[in-house]
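Each of the next two complexes has chain A plus one more chain, namely chain B in the first and chain C in the second.
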Partner chain A sequence: MKLKSRLVAGSGLLLSAVLAMTAVVGFDRATAREPEADAPSNVRRLTEAQYRSTIADVFGPDIKVVGRFEPDLRVEGLLAVGTTAVSITPAGLEHYDAIAHGIAAQVTDANHREKLVGCAPNAQDVDGAQCAKSFFARVGPRLYRRALAPAEIRALASAAVSSAKLVGTFDGGLSTVLAGMMTSPEFLFRIDAPGKGGAQVDGYSKASRLSYFLWNTAPDEALLKAAANGALDTPEGLAKEVDRMMASPRLTDGVRAFFADFLRLDDMATLTKDTLLYPAFSPAVAEAAREQTLRTIVDHVVTRDGDYRDLFTSRRFAMTKALGPIYDIPVSKSGWYIHEFPENDPRSGLLTQASLLALHSHPGRTSPTLRGVGTLEILLCQKTPPPPPDVNFSVVQDVNNPTLKTTRERLQAHLTNEQCATCHRATDPIGLALEQFDGAGTFRTTERGDRIDVSGKFERQDFNGAAELGKILRQSPRVSSCLVSSVWRYANGRDPGPADAADVEAMKRRFTDDGYRVTALMRTIALDPEFYAYSRPQPSPEPKRQASQDKKGRNS
Partner chain B sequence: MTRPTASRRSFLLKGALGGAAVTVGLPILDLFLDNNGTAFAKAAGGGALPIRFGTWFWGCGMIPERWLPTTTGANYDLPVQLAGIKPVQQHISVLSGFDVNLDGKSNLPHVSGNIGVRTGGVADDWRVIRAPTLDVLIADSIGGGSVNRSLDLSADGNPRTSYSYRDGASMNATVPTASELYAKIFGADFQDPNKADFKPDPRYMARKSVLSAVGEQRRALLTRVGASDRQRLDQYFTSVREMEDKLALQLQKPPRAEACMVPQAPAAIKAGTDLTDFEARKANHKLMAEMLAMTLACNQTRVFNMTFSNSAADLRQAGNPTGYHQSTHEELIDAKLGYQPTVDFFATRCMEAWADLVQALASVKEGDGTLLDNTLVLAHSDCSFAKNHEVSRIPMMLAGRAGGRVKPGLHIKGGGDPVTRVGLTVQQVMGVSVDAWGLDSMHTTRPISEVLV
Partner chain C sequence: MGSLANGYWKQGGVAASLVLVAGMSTAADAPTGARPDVHAFVLSNIWFASPGEPANALPLNDGGVEIFYKSLSPEEQAKYATSDKRQALEQEMARRLGFKIAAPGRSKTPAGIVPGAMLTPEQALEIGALNGFPKGRGKPTYQNRTAAYTSCTNPEDFPALAEGFRTYDGPVAMGMNLDGKVTREDFVGPNGEKGVDNQLWRAFGRVKVFRESGNEAIAKKSFMSMGAPTIVEISDVDDMRNDPQVTVKVYASSDAVTRDPRGQALQRVSYTIIPDRQLQSTTTGSIRDGVLMTEPVDLRLQYKEQIVDAPREIRAARIRAEIREDGTIEGELMGYYSLASIWDLIEQMTQAGANSNQISCPGLRRALDEVADGYMDPKTKKYTAISAAMKFVGVRAFAVMPEQRTAELGS
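And then the complex of A and B:
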């Protein structure tokens, strides 16, 4: 620790360099492993949202999916990238098993079986084998996202009949086997298969990639059909399906899923605030704030097909009653509507929405640093190294300090310490611009009696307040470039490798040419042959770890 | 990467044959059913009482001058921050002065030290740990034969607060509330070990058979994928096999467990309860600790992890804008007192919560002693003095006698030895076949003999 302090005391720039080097070099030396030579993954675990939407598609939205899921893993900012790193632990499988049995019991219960099973053992079908066959022939392809061979269907039906004998009822047997299907790797994971020639994945894997990307759910019957008849293997056939899916209202689900992951809105579910300090905040408000952001985005990028960058300046906020107290506006309408804030209002753009403001704050107060780090990392794809371990923060944020009353004054004390200043110069101005919004996202103009100063500089441009900062972000090429690489990483479930650089750069140019339309970008990716590339497994006698991949460039 | 080299079955058989590890391909039911059920009884805790292992974690360490006992051996003195353990001091050994060595690697605050204690090797991100956490190693050794190989708990309401990992991508998520713990252990699948009559439920047989079919896909799927994917799918299939074993256990009459008393279902936590508030957290933890005691007494697991607060101690006091973690860095040292008063408050109170857990285990009578006598719990934090994120002198404690294998109630000074000596000791006590543990300069072959009987 001491050695490092000396090393970095002279130069702030050196700090991040040293931190980056210790991390990377330290890792390589410690493990003495060859860099991971593995090809990109062909196996993704369904996210909780994908699991839920798949079940709703196959069995209907009134089937309740009850239980805790094994937590998804955020890797390099995206859960989608984590899906190619995670497996299922024993305790996690128990959760999936319990959820599956809950679903299967509903599918076969009195309320649903007529619609969802539709047959029962009878005089011609004494043990119900025929009924089970017809059931599995119908739901099997939807759950496994591929055609099932007749032998597979027979095996499932025969398992159902055997189970029925054990448990005493046909429905019990059917339900046991159905739950088993939902506990199977073919359901819980998306395992790609190679197509003809091996350069691309097969038609069914294409259908899954496309469907989970654009709709965040399993392929529908039409898409499975296009996979089966080879249509997805021709440019025309693929374009036809992509057009159909882009025109569907379900595109909204795909857009929401991307932005929920990109903006890390899943964290709103566990966000807590001190209710004495923020009485207006509650779990219901947190949920409404999350929904507000997603609805605002859908309104802008789907319904109005707007320029992505305008999200940073837009005054149109989706609004609902629960959020009235946070925004200090009267809401008399029921349900959701679009509220337009007036020209001079401090609410302007995504950064001033309660979700992001509250997410990047402490439970009892704001944190310009957290807000700055969050904005840079999420919206500009710029990482901030972790703080060095041996910093004395005492002066920085003593909230009772009689001379340093505001957060800005306390934070500025940081800048006298070169070791801290390097990063804080980058993060804090953004956060300080948002200081007029408290830890729950409510507007204020003073802190402990002193006026809050929201002026600052970002990318060499002066601003005063969140609205002006939003305008600068809107113009920053880094913001649009970050969006493109994030959508690419989301779609592909991994970071781009050297071979992908040209592909990503071309998409960035295309995004600009298309007027920064998110849906156009999604279409470009959905039609990109690289999106369907099959990564040929490299056989290895010793299974190797995956974890190291994430580490490279962690502090870059 | 250490992976379990033998199947659950060999672990079980090891128990049955009294030590020698033998791997056989017997179907699990046959294994249990021959021998008139005594194999199962021994494996799951019948006959001799089972020995359990657990970890207890609290974040943000302590203030050394106000926590470290000055006298060593038995009847050590209790400084202010340790005063909370007084009622259970005779059960607790304090292990002070053991260090995490960074070996030139960066110290990621609140992460590196914790990883060092639990995996025996430093890393600055859980995703790149180089060995499984020691609870996983112990569970691989003794967890078989219980309905749950291991039970991961956190008192903060967040299932992601876990420091138990098989590898960097496999975190064992936690059960974060008492009511969920109750549902998991004492819910529909619970087999009361003291119920007079037992009838195997054919539904378990049907489920097991279906799961076996799922497991049979393993070979076909593994040949289709690359090395990393293969490892991930293999982990999945290991989980499938564990569930099959669990279902097999459900088909057997569990051995009697005299200390087992099925608890009442606790009320669910009120929506919006702020579990970052210290009092709310302590209450949730106490309820969970009591439920955990019954889980152990009823032979539902032999290994547990309990996280009281996360590694950057998310604790607060309602109405105070500054939380514990922020206070460790920002609070000025009071000139008159000579320490940070808010930090002192939280560090002191965390030890009360630790005493709650020890007390919960000590309150259950089992055999000639208590449940705690048949348990070993390792408590530790992520750092010593949180203000500077110091990973030397990380506070650690042991509670319980591990069935008579461990002497409790001592203060032992580590003199700057690596923390891995503690990790090696607990593994050896719990019967893991290991004579050295730890990576880089923390590699050690020396258990702490002073606590061994």
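And then the complex of A and C:
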């Protein structure tokens, strides 16, 4: 029966989905107008997180999404930008197909069908066509994020009835077609359609852009309704919906999604450490550290509506028992809570959180260079070129060097190569300020018996230790400017072109005027007409995109 | 200033200022490294200390099964000679000696007794009366959910199984001079200390399971009572190397010992203490050259391991422990172990546990009664406790009071 089910899918919706994806121009809605090379991308693949949250929204959180996803691609530092640059490979489609069938089987199983399907064939509806129609009329708009024409619903219901005959059960037929829908490009990709005049996307596409930006999930029914009745095409209607969404607890999901992407916290899932050197570090601790950073940020920028820059000096850390050994503090509470480190404590600001400290370290040792590069690239939007290919790292890597006991000493010895020194002079002072935190993020004052020197200079200001560096970063205009650029790029899924420069600069000024509040920035972008542009010719070619260099390859 | 604390605290009086600030600021929680004047340790194992002699230095006692086997005729012995007949041998011993087990629900059950519920001694007698136990015999066992009559619940009824049981007569034992006297029955400590009181080892020293679990190399890697560990907290510490006056609290925790990926106890984990005041004790002590020595205090230590739930009651207990820079602690716990609580431990191992651990319950019980040396009952003129020494190892931890669950942070 299972094989039959797959065959039906393969001969129907799934096959058309495959064909459509292989020839990208096959998308019904995307072909309305061929995108220009320098235009905003109108096709974005759902990220794994967006896929999961969409399924949870449509079918409920108890539906398990099991399977491997096509890896998301980080472009110029953001997965969100990468969503416009990825397709789906044939192997990836198989994975999506398996995931979709797993979901569809749950939706129609005995535990869920009453709530999620809600009807069955009966004397008045012998083959179940009416039931199938009502089901697809309900879930179709949520999955495709637009209204479905009556003919589309009829076609889906008809396919379900035909499938049911082949697989032998009504639920089997319904499940097969539902899986096909979830393997369709209309579900897996956010495909924007042009609105009237073609300058902006249509109402449903606006709803999707808005919802995935603010909530990181598909539009809810209210938003789809606003799209259908044209409310999103008026400034007042758009503002009303944006205000509703900003006031929702789901804004937290959107903020978390941005910062997880911005800070590259997805890398925590695969982060490993030498357990002999860092016995307190484990995959569970890595996950807790990631969660800590996101909860800390949400507490500050959403719950307290705080100044973004204060994240670099704040002593309020979301905390849970699993992180107690890393932070060397007693934790008496059973859930997450806000732990406030006292004045003069070494823990101060995002840079001293275990997630970033561990992420930008090697498995068995710290790396001031990786930490410096990470800070510059992520928080200051400053690119660092990769190291020359012929660099000898042996001095830096020799942690047992009898005379060069500290990492600072070994790095200095490494800088005899002037070609290396140029970049290291920019990156290493930041990383050396964090050297009192080991590769797992635990505080220390000595390295192999020698006291660790954490003094340095950044942006012409002297500092001594991470807390003082955090204060300098807090005051740096580059930090807030980078945040605005990053949120803009995250929202739009691309780098700003020359035509966007004025728009971005205006947002930076507005961000300052709004007291550096991230939620205000998100609102500004959500209300910005440019956010809904369908096509925007750029005066010069789009900057060349390049997938992020593997920062671990930089070494040191 | 505590040398065990993170080196951070040693620098430039920062610790002092932190403590001050932490005390003044209502917003601030614990600083990195926690309070520098408090140092807690979770004990990953507490074991009956062996003096460390070779395993074959003194012959071991037979267990009950071995004694029973030797009592059989040669023909019968041949029938049970191989190891695969061990279970049959134990069943035969139970049959011939009249051991009885009755579980409510599966045996005749008096009205009002719910199967699976904890039994009182009186209820065990009621069950026994319905199920053919000798009159007035039987006790709760198997986590107090089953009534049994065996050589461990009623050792006095099986004197034959005590035959040949020998106490430990070596000269050396762990421990200290608890009573200030040097008598003939005292041991010499491994370091030459005279008058060492450790009559528990005199009773245990030839019992296989205690000899083996007392092997230091094994014991240090083992976890006992892992699901209900003991916490030792030293507070009012000015200097972890030398401090003439510190406060020492002993707690029980409800949190299992957290292990690191290497299988060792993870340092700096927070353990929630059990609010039961019977499981908390406070005493004073001093630290000299990194060695803590406490004043005597009555302790009740939680001890839960598999089917055993037998708190250790140790009177006039003293702790002597070396506190190390690497965040570990290793030491001895010495005092008078109450006979009631130690027999509770043996009893809860059950007859099956005694059989598999080569213990003769009647022999051990008789030895304990004979060599006990502490806290004489003025009425019975019998000692109620026995001098003992246990060793322990542990790692740095935090003892935290139970708090109400906090509201989850948004998302």
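List of remarks:
Following the convention adopted for this analysis, the second predicted complex is superposed on the first by the 495 of 556 C-alpha atoms of A that agree within 3 Å, B and C clash if a C-alpha of one lies under 4 Å from a C-alpha of the other, contacts with A are read in each partner's own complex, and residues count from 1 in each chain.
Operating definition for what follows: a residue touches a chain if its C-beta (ideal position, glycine included) is under 8 Å from a C-beta of that chain, and two chains touch if they have at least 3 such contacts.
Because the structure is a prediction, the values reported are computed rather than measured.
Within the superposed three-chain model, A:S162 lies in touch with chain B and out of touch with chain C [touch as defined at top]. Of the two partner chains placed by superposition, only chain B is touched by A:P389; chain C is not. Shared-chain residue A:F170: touches no atom of chain B or chain C. Chain A has more of its residues touched by B than by the other of chain B and chain C. In the superposition on chain A, A:P71 makes contact with chain B only, not with chain C.
Look at A:V298: by the touch rule set out above, it reaches chain C but stays clear of chain B. When the shared chain is aligned, no partner comes close enough to touch A:Y204: not chain B, not chain C.
Shared-chain residue A:H362: touches chain B; no touch with chain C.
When the two complexes are overlaid on their common chain A, residue A:T275 makes contact with chain B and with chain C alike. Residues 275-276, 282 of chain A lie in contact with chain B in one complex and with chain C in the other.
Residues of chain A that touch chain B in their complex: 1, 4, 19, 22-23, 26-27, 30-31, 36, 38-39, 41-43, 68, 70-71, 73, 75, 85-94, 97, 155, 159, 162-163, 166-168, 172-173, 176-177, 179-180, 183-186, 188-189, 191, 193, 270, 272-277, 282-283, 362-365, 386-387, 389-394, 396-399, 535-540, 542-548, 550-551, 554.
Those residues of chain C whose C-beta lies close enough to touch chain A in the complex are 6-8, 10-11, 14, 17-18, 21-22, 25, 27-34, 258, 260-262, 264, 266-270, 272, 398-403, 405-411. Residues 1, 102-109, 112, 121-125, 127-130, 148-150, 152, 157-160, 166-173, 180, 202-203, 205-207, 209-211, 213-214, 217, 221, 224-240, 242-243, 246, 271-272, 274-277, 314, 316, 318-323, 326, 329-333, 387-389, 439-440 of chain B touch chain A in their complex. On the chain A side of its complex with chain C, the touching residues are 249, 252-253, 256, 275-276, 279-280, 282, 294-295, 298-299, 302-303, 315, 318, 321, 324-325, 327-347, 443-446.
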